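Each in structure tokens, the structures are laid out below.
In the two assemblies presented below, chain A is common to both, partnered first by chain B and then by chain C.
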Partner chain A sequence: MMYGWTGTLLRVNLTTRQISKEPLREEWARDFIGGRGLGARYLFAEVDPQIDPLSPENKLIFATGPLTGTNASCGARYMVVTKGPLTNAITTSNSGGHWGPELKAAGYDLLIVEGRAATPCYLWIYDDRVEIRDAGHLWGKTVWEAEEHLRQELGVPDAIVASIGPAGEKLVRFACIMNDLHRAAGRSGVGAVMGSKQLKAIAVRGTGGVRLADPHAFFAAHWAMKVKLRESPVTSQGLPIYGTEVLVNVINEHGALPTRNHQQSVFERAEEISGERLTETRLVANKACFACTIACGRVTALPGEAAGKYMVTTHPHNWQIAGEGPEYEAAWALGAQCGIGDLDALIKANWLCNELGMDAISFGATVAAAMELYEKGAISLAQTEIPLTFGSAEALLVMAEKTAYREGFGHELAEGSKRMTEKFGRPELFMGVKGQEFAAYEARAIQGMGLGYATSNRGACHLKAYTVAAEILGLPRQMDPRATEGKAELTKLFQDATATVDATGLCQFLTFGIGLEEILPQLVAATGVQYTLEELLKIGERIWNLERWWNERAGLTGKDDTLPRRILEEPLPSGPAKGQVNRLGEMLPEYYRLRGWDAEGRITREKLQELGLV
Partner chain B sequence: MRQLRIIPDRCTGCMQCELACSFVQTGTFQPSRSVIRVYVFDEQASYAPYTCFQCDEAWCMTACPVNAIALDPATGAKVVLDSVCVGCAVCTIACPYGTVFYNPDTHKAFKCDLCGGDPACVTACPTEAIAYVEMGQPDWLASWAQRVSTGVQALQEGGSA
Partner chain C sequence: MGLSRRTKTGRDENLMRIEVKLFATLRKHLPSGASGGKAILTLDEGATLATLLRQLNIPVELAQMVLINGEQTREFDRPLADGDAVSIFPPVAGG
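Then we have the complex of A and B:
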């Protein structure tokens, strides 16, 4: 009997329509914990890294952690692990809400979806009853319509649904998987992988429970963590009051808010799209994910005039009711990055992204790249049909629909900015790494983020090593964002620690208030495995190396650990970080050394041995 | 006598109360066995936790054919006596609020017993949406009559103007 873990893996092959339940590999669970780690371990064992991510050979792994579904604060997460069509690398996209805990309550730690269905289908998991059902009538529906429809059709109002929207169906390279209407396993195109399998949705109802090895110790640790979260200003005030959007002003003041496809790093209209403004004018309520004691979720609504402001044809009645977001990253990508300072337009665009099922970060950033292409004359009005000028909220909203349905110029946007800028002859305007667009932090103003972006295993990503915590927020200690000293060490440490957190089933926002020290006793008490702090960091390092190794076998090399020329060579034109570039060259060799890799960034045999990977 | 006071406006829908309650009931985290339930109305941005009111005139108690629901004099809770309950589920139908449940595994009814005077949901709630406080037994009928007559009055005034 396993504790924390359910001990069971559900495998569904859509080609053969075979459904099987297997015992979880206990030694892997021990060594990789769950979520991102365990998901990567199974991917590594089962999927050839060379395959086309949108082929039936790719697998879609949904992985919970041992703390998912417990009352550990923020124990809500599941991780989608697969080969990403945006990056052609391993991707690990994580979502909260209630879906992960429901899968666990149904009795499964992991769900592995294989093959490709002949016609659109959905999965219905009700505890141990699992069915593949026809989804012909759901294909084409938005995420919100599909969720509502499925609950009614199944007659189980408590069923929790993860689904794709039109963007996933149309294989938009940054389509996401949505659950609970507004929660997204967002990046790298996991929704396109689901779409390629003709899998519209996975509805789950679980009535079982999660067992603990040592309930007394667990509750003691739970309380200690809750108290710490209440004491931290970020988790007790910043996030609950303003949400992640609290960062807009902070990052802008540091001259680190990428603006107009990274042409500037200070957005003159930041105030108008800030968390403060959102909270004052458009916030209706806070919403928590399962077991979350922070509740950063923003439920927003638009009053009459604002709701009717821009023409949107997909699903207009939804503008009249409450939706969610935008979060910081979305507000930045749709806002500052596109030069748009109209909060209502961002709220709408964000809702559209959720409803149509695409990653608001990559979508916004790709529109921004298209705007620069347009302003530089690389694409014309004849192609775009609407002037794609920076600051045009209308263009943003029109393109959101067109992209999700791959209509008109949306077909180009749907490929992501790397492929789009290449196609129109200006590859240097792609602002990202390994095919994936940057997140909302300018790497010229925050040196460590540059290293983090460059070395991330799933392309540019802020969630793999959030060095902003140290470089801007002073957590756990303040470091100079302009300096490169110590950043290699910081990045490695954050990468490893974050991988561990991602493996437990907890939310990364916890780590604003607590560290692995607080997570450790909960993990031990839940699972009964006597992990130590050193071991947890080792596990993080193991996960990181495994992902990297898989990427190596997919064809990625140290040459991919780089940044666009603009970030490395063009000094920032204005603001507090004026004159700076990212000095990646000062950090990367040290980083490789600390990682124990060779000078070209290749993983060494010794490292793999040390981590027990060979 | 203390009672559970629920302030839905404070609720964020985090389910900590369901988790805590189910742990008390089953020793595992199993929200489907919680007797406090949080209803989520996404489009209205509203979360409504609710559980047994421990009615003065408890219909569940009156309905039970074998007197398996008893009054705990210390807390005022109406408590299912497992040894007496025959699992007929009549109480689950009798309760006008739908807060008595049937456990298909044990074949018994189960409901809120106020955790014997230290409700776990109250301790668990991070937003103080649930409190365990002294509150006079509300006179539902009187407050309803009050609301209706104010409404009628307003209508009349509106009509005469």
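Then we have the complex of A and C:
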């Protein structure tokens, strides 16, 4: 019997319609914990890295961790692991809400979806009863419509639904998988993989719980962590009061808020789209995920006249009600990156992205790249049908719908900014890494983030090594964002530690208040495995190397660990970081050395042996 | 507060005008009447960052991030200069 883990993996093949339950590989669970780690281990074992991500050969792995569904604070997370259609690399997209804990309560650590259904279908998991059902009547519905419809159809109001919207169905390369209406496994196009399998939704109801190896020790450990979270001003005040959006002003004041497709790094209208403004004018309530004691989620509403602005054609019913968000990254991508300072437009665009099932970061950043293409004359009004000028909220909202449905110029946006800028002859205007757009931090103003973006296994991502914590926020201690010294070590440490947190089923936001030292006793008490702190970091390193190794076999090399020319060579034109470029060349060789890889960034046999991967 | 003192003394040549921007939970420390999270304060020449924090009644431990003209600093005894822009944030995070 396993503790923490359920010990069961659910496998569904949509081609053969075979449903099977397998015992979890215990040694893999021990070595990779769960979530991102265990998901990557199964992907590595089962999926040829060379395949087309949208082919039936790709697999969609939903992975919880041993702390998912326990009452450990923030044990709400599940990870979607697959080959990403935006990046052609491994992707690990994380989501909160209630879906992961529900899957666990139904009795499964992992769900692996294989093949492709002949016609649209959905999965219905009710504890040990698992069915593949017809979804012909759901295909074409938005995320919000599908969720509501499914709960009614199933007659189970407590069923938790993960689904794709029109964007996933239309294979938009940055489509999300959404759960609980507003929570997203957001990046790299995991929703397009689900769409390619003709899988509309996975509805789950679980009535079991999580067996704990040592319940008394577990309760003591998670209580101690909750006390620390209450004592931290970040997790007890900053995040609950202002949400992640509080960062708009922080990052802008540091001259690090990418603006107009990274042409500037200070947005003159930042205050208008800030967390302070959102809290004062549009916030209705906080929202928490399963077992969360932070509640950073934002329920927002638009009052009368604001709801009527920028009416969009197909979803007018949405604009009179409350929704969620935007979060910081979304507010930046839809706002500063597009030069838009109208908070109400960002709220609407964010709701649209959630309802239609699109990653608001890549969508906003791709619109920004299109705006620069438009202003530089690479595309014309005849193609776009609406002036794609920086600052146009109307263009943003119109394109949100057109992109999700691949209509008109939205068909180009749906490919993501790398493919779009290449198609129109200006590849240098793609602002990202390995096919995925940057998040909301300018790498010329925050040197370590440049290294983190360049070396991330799933393309540019802020969630794989959030060095912003040290470089800007002073957590756990302040480092100079302009310096490159010490950033290779910082990046490696953050990458490894984050991979471990992602494997446990806990939320990364915990780490603003606590560290692996506090997570360790909970993990030990839940699983009964006598992990040590050193082992936890080693597991993170093992996960990082396994992802990298899979990418090597998919054809990625050290040459992909780079940044756009604008970031490396064009000094920032204004603001506190004026004159800066990212000095990746000063950090990357040291990073490879610390990783134990060769000078070209290839993983060495010795490192694989050390980590027990060969 | 510095605002009223400037009008009383009129010793403008010995006073510095400092633009202060406060964020998140620190906004309540702004002088009444301030809007958009910022205010112009007037301080005696030689006043330091610590003087400014005292005047605003902000405990040092809440001044997690301090920027003077966009540059991070932890030097609380650093003298301010006329025209400086000071941004102060409490401990916050996101992402």
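Throughout what follows, the second predicted complex is superposed on the first by the 614 of 614 C-alpha atoms of A that agree within 3 Å, B and C clash if a C-alpha of one lies under 4 Å from a C-alpha of the other, contacts with A are read in each partner's own complex, and residues count from 1 in each chain.
FYI, contacts are C-beta pairs under 8 Å (C-beta built on N, C-alpha and C of every residue); 3 or more make two chains touch, one makes a residue touch a chain.
The structure displayed is predicted, hence computed values, not measured ones.
> Specify the outcome, clash or fit, for chain B and chain C once both structures are aligned onto chain A.
With chain A aligned, chain B clears chain C, so fit.
> Between chain B (first) and chain C (second), which, if any, makes contact with A:451: first, second, both or neither?
Touch status of A:451: no partner.
> For A:329 in the superposed arrangement: first (chain B), second (chain C), both or neither?
In the superposition, A:329 contacts chain C only.
> Which partner does A:468 contact after superposing on A: first (chain B), second (chain C), both, neither?
In the superposition, A:468 contacts chain C only.
> For A:239, using the defined touch cut-off, is the partner it touches chain B, chain C, both, or neither? Pick first, second, both or neither.
second
> According to the stated criteria, A:414 is in contact with first (chain B), second (chain C), both, or neither; which is it?
Neither: A:414 stays clear of chain B and chain C.
> Is A:271 in contact with chain B, with chain C, with both, or with neither (first, second, both, neither)?
second
> Of chain B and chain C, which one touches more residues of chain A?
C
> With both complexes overlaid on chain A, does A:512 touch chain B (first), chain C (second), both or neither?
So A:512 only meets chain C here.
> Between chain B and chain C, whom does A:481 touch in the aligned arrangement: first, second, both, or neither?
In the superposition, A:481 touches chain C alone.
> In the superposition on the shared chain, how near does any CA atom of chain B get to one of chain C? Answer in angstrom.
Across the overlay, chain B reaches chain C at a minimum of 18 Å between C-alpha atoms.
> Flag every residue of chain A that touches chain C in the complex, lowest number first.
232-234, 237-239, 241-247, 249-250, 253-255, 271, 275-276, 296, 327-329, 462-463, 466, 468-469, 472-475, 478, 480-481, 508-509, 512, 575-577
> Given the complex with chain A, which residues does chain C contribute to the contact?
Chain C residues touching chain A: 21, 23-25, 27, 36-37, 62, 64-65, 67, 69-72, 74, 87, 89-95.
> In the complex, go through chain B and note every residue touching chain A.
Against chain A, chain B makes touches at 12-16, 19-20, 22-23, 26-33, 42-47, 124, 126-127.
> Any idea which chain A residues touch chain B in the complex?
Within the complex, chain A touches chain B at residues 69-71, 98, 101, 105, 158, 180-181, 206-212, 215, 226, 284-293, 295, 297, 299, 301, 321-322.
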